[in-house]
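In what comes next, chain A is part of two complexes: it sits with chain B in the first one and with chain C in the second one.
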Partner chain A sequence: MDERVTVLIQRGYVILCLGFIFCPILTLIAFSFNVDRFPSLPWKGFSLTWYSAVFEDPTILDAFRNTLIVGAGVAIVSTFLGFTAAYFDFRWNFPWKKLYLAIVVLPPTIPFLILGLALLLFLSRIGLGSSLTGVFVSHVVICTPFALAITRMRLAEMDKGLEEAAWNLGASEWRGVLEVILPFAAPAILASALVTMAVSFDEFMIAWFVSGLDQTLPVKILLLLQGQVSPRINAIGTIVFLISFTLVAIAQIVIFLTRRITE
Partner chain B sequence: MKAAIIWGMPLLVWQCLFFVVPLGLLVAMTFWSVRNFRLSPDLTLRNWNHLLSESYFYVTYFRTLSYSVIASVVGSAFAFPCSYVLAYNVRPSTRRLVTFLLITPFFTSYLVRAYSWQIILSDNGLVNGLLSSLGMGRVPMLNTPIATMIGYLTLFFPLIILLQLVGLSAVDRDLIGAAHNLGAGPLRTIVKVVIPSAKVGLILAATFAFIFAFGDFVSPAQLGGGKAPTLSILIIDTVKSASNWPMASAIALTMIVTLMVVMFGALGAAYGTQRTDRHG
Partner chain C sequence: MTIGAIELRNVAKHFGKFVAVAGISLRVEEGDFAAFIGPSGCGKTTTLRLIAGLEIPTSGDILCRGRKINDDKPWARNLPLVWQNFALFPFLSVEQNVEFGLRMKGIEKTTRQRSVRNWLERVGIAELASRSISELSGGQKQRVALARSLVTEPSILLLDEPLGSLDAHLRILMQSELKALQRELGITFIYVTHNQSEAFAMANKVIIMKDGKVQQIGSPQEVYRAPQNRFVAEFVGTNNLLSGKVSETRSDSIKISTSVGDFVAPIGLQKCRLGDTMTVVVSADVVALSSDEMAAKNRVIGHIRGEEFIGSMITLFLELPDGSVFRVQKQQHEITRLQAQFGSRLCAYWEPASTYLLPN
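So, the complex of A and B:
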């Protein structure tokens, strides 16, 4: 076969795959601006009706606020816990390390449906069931492994001798962490905060079990989906998508730029 | 050593308290019973006897299993050419851009993306609109297993490509060159050299796809229409309509055990028997 045809087919296939991945996202955005009540062709014209409908619905705004509160809390706590564990893994070796890491990192591999069930059973027994606090606690469980992984990867790029040099120059353990480790890990910490917030922002299964009446936005979307089709879902979906896309995109750019500077 | 404990403990305590203990409670609950709509902590095998004697459970279990296996195999097969091209035949800058594009959707609302497929696949949706404007008949797609599969792929297709890409990047390029020099055609090189060397990445990708499909609730419910329930739908129904928490826990436990068997099997297949002869 002609070399150029081969290249063309290869490029075409990659673009086809990306098309499949982004097709639902683009469809959603397009139809959120469609006048017509029913999302079908032909396109009936541009309108912001569904967006204003979203911003006039107090239950959606409440859900949005709940999601932001939980997401901010999760970002802070997950990033902190992820950093402590990443530093721990970076600095010390011990016989049970594999078990430690397994327990700490495993949660995202268990179906969220099952985690949601288990967490509801447990949290309702300690008085945290059906509450935003419960959602926060649960989301920290599934988000922290992402923060741990991002921070640990960053620390792997660091020369261990740097911290030892600081100790030799008389810095205490805490000063070593504050003035050597933290500045080096800063971009990863920022990236962790953004990614964990994005994960919490989109998680609906555990939140559905645990949230009770204080619904978060994804839970609200899930409930809307089970009801009547409404173009408002397209509008909410677009907003939600833009927010998490922005969070993850900034996180990736931060990681990419710092790697480039270190190189 | 005190410092090590201070740094290591916070997350361990959190995950034990809010991950290990809840899962332990879930396991314990499979032996509890429901009396007059109230849970009572017993030690009975009644839930298990009931569940395992129900043919409906087996049908659902094997449906879920086969859906997930198919999704994992089909996803891997579709992803492989894409990963291959990205690994060997594009500029590094292009690879970085595509990697960026693949990571981002993974962290964006899957629920919303699945809903969007509803718009595309429904009887009055985009695809059928297009077909009928071309003068062809409508094809029912929503509420079929095909739609469920598309939903599954939406969930993990980018992840499969990324993991395969990691596996393919680990392949020694000299080996591929050597295979060419020895007269192996492109297909033969891929089957005999590339796939065995990239085994770990390929198996991990397929395993993650299986895990995600096996536990997913959205695709079979929203896109598949729930007519052919999977275990996740069965759990939700057991909780919602019957409030039978012990039974739901028992179904959940069969899922966890299945996933653990698959994970250990996959890890064994990926790392266990490293083949030394690459001539096959």
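So, the complex of A and C:
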């Protein structure tokens, strides 16, 4: 009896914590459907008017498009870089390898306020400051470590002998990567693409520093907030939340299912 | 002179300061079932990997049918390897695994499928063709690994402790299957194992290695009955080694004085003089036992200190006066006839002709 009470208290505590964290987001989602201009109770009526307002504003749609383009580009490039780095780590040992890897995974650990400023200063010098390309480059820098970590974790589960077995059976080194490494790492590559896209999609601080006239959506949201507080922001926030959530959730499911199969 | 299937000429492999293979030279002939045996770390697996091209020799040449293959990449040599942990591709089905080698060669689909089906039947797992690897038992995985290696019809097959992961009775079964398969196919098998009885059961040529060097090469019978050095005598079979100084030399025999008695042994190939240190090798299975003191030329007297039961054979451990252990292997019924117990005093004796001399 004692144990059940303990478990109940533990679960209740976790639910309270999660509830506290998600409360603002849930409020946001709830009020995005509220006809009233001001997010207060009582509930004035269910409506999708703010959503249509979002889709009718060309500046918002532009920002959304920018975010998608950058996100997709970042997903592709970061996943590629992360995979190649993970494969190098898996296959070869070279002097200072540990140091090299430590430096590669550094970016996400630096406070984005500082990193954003630093990137703006550096990119401006090479003509990429205040541009969407600059945002793309910056996001690749911070997202690649995620792809590297995910892919590296997956490759660590692979028997090294598999690659040798492929060579032994007639596959050249390149063919070996194509026939053995890629199929094995496929779930991790997919998860990397989803996670890096989600990270880029959500990223505000660096984008705010580095983007110019072509803004990403998070930056646009801040501008909207600074301008007129309209419930359109609730609608945008809900859409952004759902997209990020879906991307990460799918990535987690992919990783989880792969682990299940390997066991 | 015939050209061997695989020849190693002074092949050495160093990993930094560590010498894995220390300049070995040997030949495996076509049709041989050659087994490399030795303790862990003796270099046998490294040697196999050198042959397969997965390691590059530090020095020396590897020849396949008279042609130097040092610079051939692993995927260019047709020397498939059967791995100890099978190394099956988990994301492919059984038939996709087996057809891999053919696909790398560019063989078209229908021919591939025919070959795959043929080999799966040959190794007895035709019904598992579309299964996923994770559903298979150890023995089944072993057969898939075998089929995968043989599908490209190689003339030389490399095997690295392929039966190591199987349970005992399955291992014995697979041993006779492998031997039959090799004879049936007529191809050369190069086999690595640390299990001496496995090598002896299957191979016609045994290569014993220690510390990266070849200790002896020969047929199982030769190696068993005539070990060329102390290590081989201790590693192979159950031998007793009695060391002492030469006290008498005759035309056909030598007498050695040791701390547990004087023994007569036939002269081997080595020349020896009075006072030389030599070792008499007495195999545990040529020794007779008696509870009385026999007036035999060669005998030791000891007390039973232990026994080891291996099926119908029992190994008795006798403690000799100098504290050393003398092993005697006998059938179960012979031991019970003696009515001996722990601590009993027994006399172990043997014919000089059944022993062997080693220079120390």
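We take it that the second predicted complex is superposed on the first by the 258 of 263 C-alpha atoms of A that agree within 3 Å, B and C clash if a C-alpha of one lies under 4 Å from a C-alpha of the other, contacts with A are read in each partner's own complex, and residues count from 1 in each chain.
One rule holds in what follows: a residue touches a chain if its C-beta (ideal position, glycine included) is under 8 Å from a C-beta of that chain, and two chains touch if they have at least 3 such contacts.
Computed from a predicted structure; not experimentally measured.
> Looking at the overlay on chain A, is there a clash between chain B and chain C, or do the two fit?
Here chain B and chain C can both sit on chain A without a clash.
> After the superposition on A, what does A:Leu61 contact: first (chain B), second (chain C), both or neither?
neither
> Just chain B (first), just chain C (second), both, or neither: which does A:Gly82 touch?
It touches chain B, and chain C stays clear.
> On the A-aligned overlay, A:Leu8 touches which partner chain: chain B = first, chain C = second, or both, or neither?
After superposition on chain A, A:Leu8 lies in contact with neither partner.
> Applying the document's definition of touching, compare chain B and chain C: which contacts more of chain A?
Touched residues of chain A are more numerous for B.
> Does the superposition put A:Ala156 against chain B (first), chain C (second), both, or neither?
It touches nothing on chain B or chain C.
> Give the angle at the C-alpha centre of chain A formed by the C-alpha centres of chain B and chain C in the superposed arrangement, rounded to the nearest 10 degrees.
100
> Which partner does A:Trp167 contact after superposing on A: first (chain B), second (chain C), both, neither?
Second partner only.
> I'd like to know which partner A:Arg175 touches here: chain B for first, chain C for second, both or neither.
Only chain C is touched by A:Arg175; chain B is not.
> Check the residue A:Pro183 against both partner chains and state whether it touches chain B (first), chain C (second), both, or neither.
second
> After superposing the two complexes on chain A, what is the shortest C-alpha distance between chain B and chain C, in Å?
Least C-alpha distance after superposition: 14 Å.
> I'd like to check the shared interface: which positions of chain A are touched by both chain B and chain C across the two complexes?
Residues common to the chain A contacts of chain C and of chain B do not exist here, since the sets are disjoint.
> Which residues of chain A touch chain B in their complex?
Residues in contact with chain B: 7, 10-11, 13-14, 17-18, 20-25, 27-28, 31, 38-42, 80-82, 84-85, 87-88, 91-92, 94, 100, 103-104, 106-107, 109-115, 117-119, 121-123, 125, 137-138, 140-141, 144, 148, 173, 195, 198-199, 202, 204-205, 218, 221-222, 225, 233-234, 236-237, 240-241, 244-245, 247-249, 252, 256.
> Which of the residues in chain C come into contact with chain A in the complex?
52-54, 73-75, 78-81, 83, 85, 87, 89-92, 100-101, 104-105, 134, 148-149, 152
> Of all residues in chain A, which touch chain C in the complex?
On the chain A side, the touching residues are 159, 161-162, 164-172, 175, 179-180, 183-184, 186, 261-262.
> Which part of chain B faces chain A closely enough to touch in the complex?
Residue positions touching the partner: 3-4, 7-8, 10-12, 14-16, 18-23, 25-26, 29, 78-79, 81-82, 85-86, 89-90, 96, 98, 100-105, 107-117, 119-120, 124-126, 129-130, 133, 153-154, 157-158, 161, 211, 214-217, 222, 232, 235-236, 239, 245, 248-249, 252, 255-256, 259, 263.
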